């Protein structure tokens, strides 16, 4: 366990957060802050280096989600060390470069913050010791690179490039995640040590092809392998420091890093060999060929990057230990020369205002020093001897020629390698020639001079490195490479020599041929066609665009077709689902076994007939609303008569009262709704709806019949038996309501009270135009009012009676509450709301609140005594004069019910009765104009 | 008797469903009302159909299902009635407001569909 | 019982046939009154006073529906 | 006392109603009944009905007897007519001029008219001086008016002067 | 896993009443709030906060108690479970109660920035909504579940519509009518169940189902199918999700955020009822076939919903619509998880449930903040508008977006990994493909949204006045929810240990049933 | 005594039910609204009245205890029936089912317009 590793990882994130939160105003502070993180990181890395060079692997493990196998485990082997070094070192240089690159009006803290985030993600990925953790950092690099690429977010190109990169690499990341999880399932652990040791197990597992496919999908997208390469050139919309960092040393290297990382676990099969090598080869050629035809400096570099990544991939595909060494070597080399080239391109852009080679030229006169640096780096890219690129390319040629056991592959690889060499030289030549030589620059509107000193230093450092490695590899790069190779191959590191001179051999010939061929190709192309006039279509981007657009369009078309906001359609689907899930499969299984019906008394038939006839009539009359309402009233009456017949007096009473109040509500509402339903649906639709209605009705009816004719076996006997002795009530229904299942009732009155509140909230400030206003003032109704004055106190007495009797006879809080409310409603109807409310000023809202509290209090008291909520009690205190007074605590609860029901019902009714008409423009309430004309919109079928 | 009630439940359901599928708010509310009748009858019938044995205890009568009907479904229906009423009230008011705000009592009208 | 059942059906006819709204209101009102009769008869048949409360409440409040419906026909706005 | 007992007849009615309802004359119920009899009319009184002034309440008994008897007679009469051919009917409206001024009296009259089959009080003029009555079988309007006025209104005038 | 059955101890301490308190407390606070409504907003806020604070404490205590493995039975009214109503607090319900409470705290915070003044009865309705939600999570009685569904729904109508007008009314009408229809079906199923099995207590139903004959089972199956439709309507599963986008995108931000837990109630109900009542998923036998029968629908429906919801997210023309579709997608992911039926998958589902509740809530709040800083453009995604406070909002949105899309390193990622890891071999191909592809499409949709909103932000038009900056309280509320998500990431280990245990508890319904039968009343005899 | 009482009760029941039936029959048979309006008054008065008397007798003598509570039903009907009838006739007049005769002594012309019968049907 070492502390340096977590610290190393935490630094960039911590500094990023500081940067983004603090947002230092001074550019210098910002840059220093951004630079300190990797500098300290390098220090930490240096501290760990001796151990790593000794071949040990410093680790730090913290548990995270152990059940998942996800640990926060960091591990610095040679490979990780090499990458960390690269990430941090080039990171420092990029920060230094960017400090001068960014113009004065740009948001530097944001830039450096994002950059540090990316750096941290990248570091995390390379030092992760757990595959899941690696996948996490992998995706973090996608996210942070999204932010970096889109940094110049005002530009369409930047936004599109960022989204494209995120989409492609994000997709790859998800595939990788899948692959990682599969690896974990096969190996039983995500720990890298375990996974790397389980190569044989993995390769032999039936899931191996799937794992390989998923992991490679991640690698290929990230490393811009053909055919996923097209995102990379578009990522060039990013500021150049970003390109220099992401597309030379880090982001795109993540893919090949993983290839190296998992080499022991996944490589070594035919499948791996063929797939990776061919994809690498294809990428190598496609990238190199395309690079020749770019006009944008960064475009050229981007395609060249693609090509070099193809080369590295191909090397790893070859799978031999030597190929791995070569791959690692080329990773380093490419990072150095490509970073310096990007930076040089940035300087050029910075100084001339353009990166278009058609407008550039002859810059060696204006930027002699920068030109020299860039030319050296470009030669390294071309693989010219004494530069680092040459060494690894040489190795590549050798390896291609040495492929064993695949003769065809050997030939193909060698041809590809040679062609790549040719193309590489050609585009490097183009880069050098079109920029620094020839005519130009054209149409450049500023004075061109060398950039600030510190902007060049990073380039210098890198170019020096190119040279040093190219000239004295053994003293410079050898230990690094050996360490990294040991990290991948362990003790299987082959013997190799990093000498500049291996004698005249075939690879050297190939290199030579490449240089000559490349030169000829470039010159030939210049002769044959006007290179500057070639317009390359970004086919990949086009495809991506078309697909994205098609995806969006179709998603939209589909979504808005399906979820068109139609209630009818939603309901229709509910019904269909009902039939599918509950109806058809069950009814077939229901079969016989239903018992017989009992005979029915005459009154029963009359009630049945009333209900049936009224229901049918409702359906046919439904468009004439008042009539439909009347007829529905009859249905309700019939239903309550059913309850009467079937031994349910409480229900009958409740149904009747609720029916009355419902009619009142509907009438009140009808005043504000059209009196008739406009028919907007066609016959076909009505038949369709009728059909499904009948099917569902038949289904429910059948189920009901089947249920009713089965023998009964319920908990009811116990309820009946315990009602009187323990619930102190004879009316078992009421005892259930206030005692056995008092909690239900509690919920029920809460619903009721809330309904009142909702209506209040909806209508208090509303102004609604009546559908039609009868002219004139209200008729005084002296005679009915007079009678209702007489009735009112009597009805109140009956209400009290029903309330007190409820526990032993039909009645109870709910019924009593409504018997209180309905007469009051009558007063509203006959006397007008103003008359009533000015004299009986109830605050119905508080009434609801008090009712709820009273009910709750009855439940809470037993809690204080150590019994559960709502435990009922009973007492018969002797009251002087009155005698024994039977008191069940349930009565208290019922009082709450009474209050809530009364308050809720009256709140609803009074709110609906006192809706104000809309304000006229003058601000005075006037009788509303006729209702707005109904738009005769045809329903979507 | 069972058949009659079951057929009534079926009919009420069918009528309710049909009205529910009409596109006008008032029709929908009528449909919901009919559906709630059907539902209440169905729950009620889960205690089976017993004539003349209301669950109000009398002295000297054994407290068994032979003498009293099952009280529990009745209590459930009571709760259901009350809740249905509350919901109806809210729906009616929303229908009023919707018509007033959107200028139409078509349940889907007055808006641009999906925002 | 038969008579009351028949009476209910007569009222039902008027309720469904109309023709005018007051006719239907009247029919519904009558249906309520028939219900009171039916409740009393039913109570007698079962030797039970348990339906009294229902009858009482209908007698007391059944007319509220009639009042509201009539008021609606009169004024449209039943609470003014 | 006046403030406590806003309307003695109404209180009496409530008390009677209560005792009838509970069918129990125990002191407890009586107490509750008295409380309600005091409380409820007071509550109802908040709605400010027009006050009733009572005259000769003894006439109430005579009126009740008369009304009940008429009810039976006219019930039979109207039932006969319903069962008989409809052609024989001559329905019609008649405005009855009122001498009663108390709204309670008018209400009582209108109720009696309605409760006696064959006549329905249909409308009260706005100035409360005429009552429109629909007669099931109107033979002679003046006879009908005279009958109502003599049989009921005169007694009502005594009760609600 | 053996659950300890709670011995009958005297309920003298407050702790003994834990299962009822999450229901009772908000109810009391809600009622008190109704009484003080005229005393000004400050008092209301104080009381509301007091309510949420005590509720949080209670919910935490409940979770700690449940984490001992005890299934606490609370016999309301001191009646045996089969006669009265029993509340049951096991790990799952305790987790959901705590989730709801934590979400509620953030929502309340957001509302206190001013919405609570505009919406009449906001505080009371808010507390009562919590009553409904917690009741639904804690009840052990099927009918009582219905009742609390209704409490929750009707309060949600109020919260949704109070202070609203226009299109919101129409969306509200849809929402209400659809829910009433579903409730009606719920009641039908309850009627059938009681008619056949003769009880409503879930544990009792479980016993009786296992003893039911073939003819009875057919009816039970019908009821179970109807219930499935009901719960899936609430949880917005295909084809029953059509109502949600409109309703949620029309809702005020606070309410929409609170609604993030509403779809979860449907998921919870499916999980609870199907693992318990309709047969032991883990065991075989006839009853298990019953569960399996309805269960078969869930996985394909969940996957299809996931696809359609993701397409919807891609198609969204407004920020709020986008979030609404993401809510559907998260509910669908949950369905995918629980439909797999294994302990690991259900555990993943529970983790994902909590995560998605927080992140969806956060998204609704963040999107509301963004909308307010875009001037006339509002949350329209089709046009580029101005945006003030780009950086702050971008941070909030970015965090939420990373989490909701399942990108690392936040809770969404952990949830997704848990889910993928838990998929049994025979379902891997489809499930993985759909989950991974929809994740990608979600990323695409969110990237597009971010690009459109933040990157294409235009300069603020000169003619219009600048919007008020986002209030600190509102930002804090959104950030709080995001912090919860980060907490879930950091504490992934302990949380997953909890959800693993919760899933195991769910899949051992015998323990639940034993607990329900073992609970004896304080005062009363167990049987006469 | 018992037999006589039973006959009396049966007769009351028969009469009561008869009036209820006739009242509703009138609803079917009669041709216009105001005629039909007279039907229910029979049911409310004698019809229900007789049945109530029978009920009182029945419960008193056949075991369920004596109570005059049934009187209350009639009492309430007597209070409420006139109100319903009055409002229904007002409604009928309002929509013009029947023209009311001119009021003696009133100014010519009815202050309230007679609406055409829009709601017929």
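Labels for the chains are A, B, C, D, E and F, by order of writing; each one numbers its residues from 1.
Here, contacts are C-beta pairs under 8 Å (C-beta built on N, C-alpha and C of every residue); 3 or more make two chains touch, one makes a residue touch a chain.
Remember, predicted model here, so these are calculated numbers, not experimental data.
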item: Path length in the contact graph (chain A to chain C, fewest steps); value: 1
item: Most central chain, judged by mean C-alpha position against the global CA mean; value: E
item: Chain pair showing more contacts of the two, B-E and A-D; value: B-E
item: Distance-maximising chain from chain E - centres being C-alpha averages; value: D
item: Reference chain F; chain at largest CA-centroid distance; value: A
item: Centre distance in Å when chain A and chain B are each reduced to the mean of their C-alpha atoms; value: 40
item: Between chain B and chain C, centroid-to-centroid distance (C-alpha), Å; value: 21
item: Rounded Å distance, chain B centre to chain F centre (Cα mean); value: 31
item: Junction residues of chain C - those touching two or more other chains; value: 1, 4, 6, 8, 18, 21, 25, 48, 50, 56, 60, 62, 67, 69, 71, 74
item: Residues within chain E bordering two or more other chains; value: 143, 147, 150, 154, 157, 161, 173-174, 177, 181, 188, 191-192, 194-195, 245-246, 317
item: Chain D, residues touching no fewer than two other chains; value: 17, 21, 110-111, 121
item: Which pairs of chains touch, using the document's own definition; value: A-B, A-C, A-D, A-E, A-F, B-C, B-E, C-F, D-F
item: Residues of chain C touching chain A in the complex; value: 1-2, 4-6, 8-9, 12, 15-16, 18, 21, 24-25, 28, 31-32, 35, 38-39, 42, 50-51, 53-54, 56-58, 60-62, 64-65, 67-69, 71-72, 74-80
item: Contact set on chain B toward chain C in their complex; value: 52, 54, 56
item: Interface residues, chain B side, partner chain E - complex; value: 20, 25, 28, 32, 35-36, 39-40, 42-48, 72-73, 76, 79-80, 83-84, 86-87, 90-91, 94-95, 97-98, 101-102, 107-112, 114-115
item: Of all residues in chain F, those that touch chain A in their complex; value: 76, 79-80, 82-83, 86-87, 90, 111-113, 119, 121
item: Partner chain A, residues of chain B touching it in the complex; value: 1-30, 33-34, 37-38, 40-42, 44-58, 63-65, 68-72, 74-79, 81-83, 85-90, 92-97, 99-100, 103-109, 111, 113-114
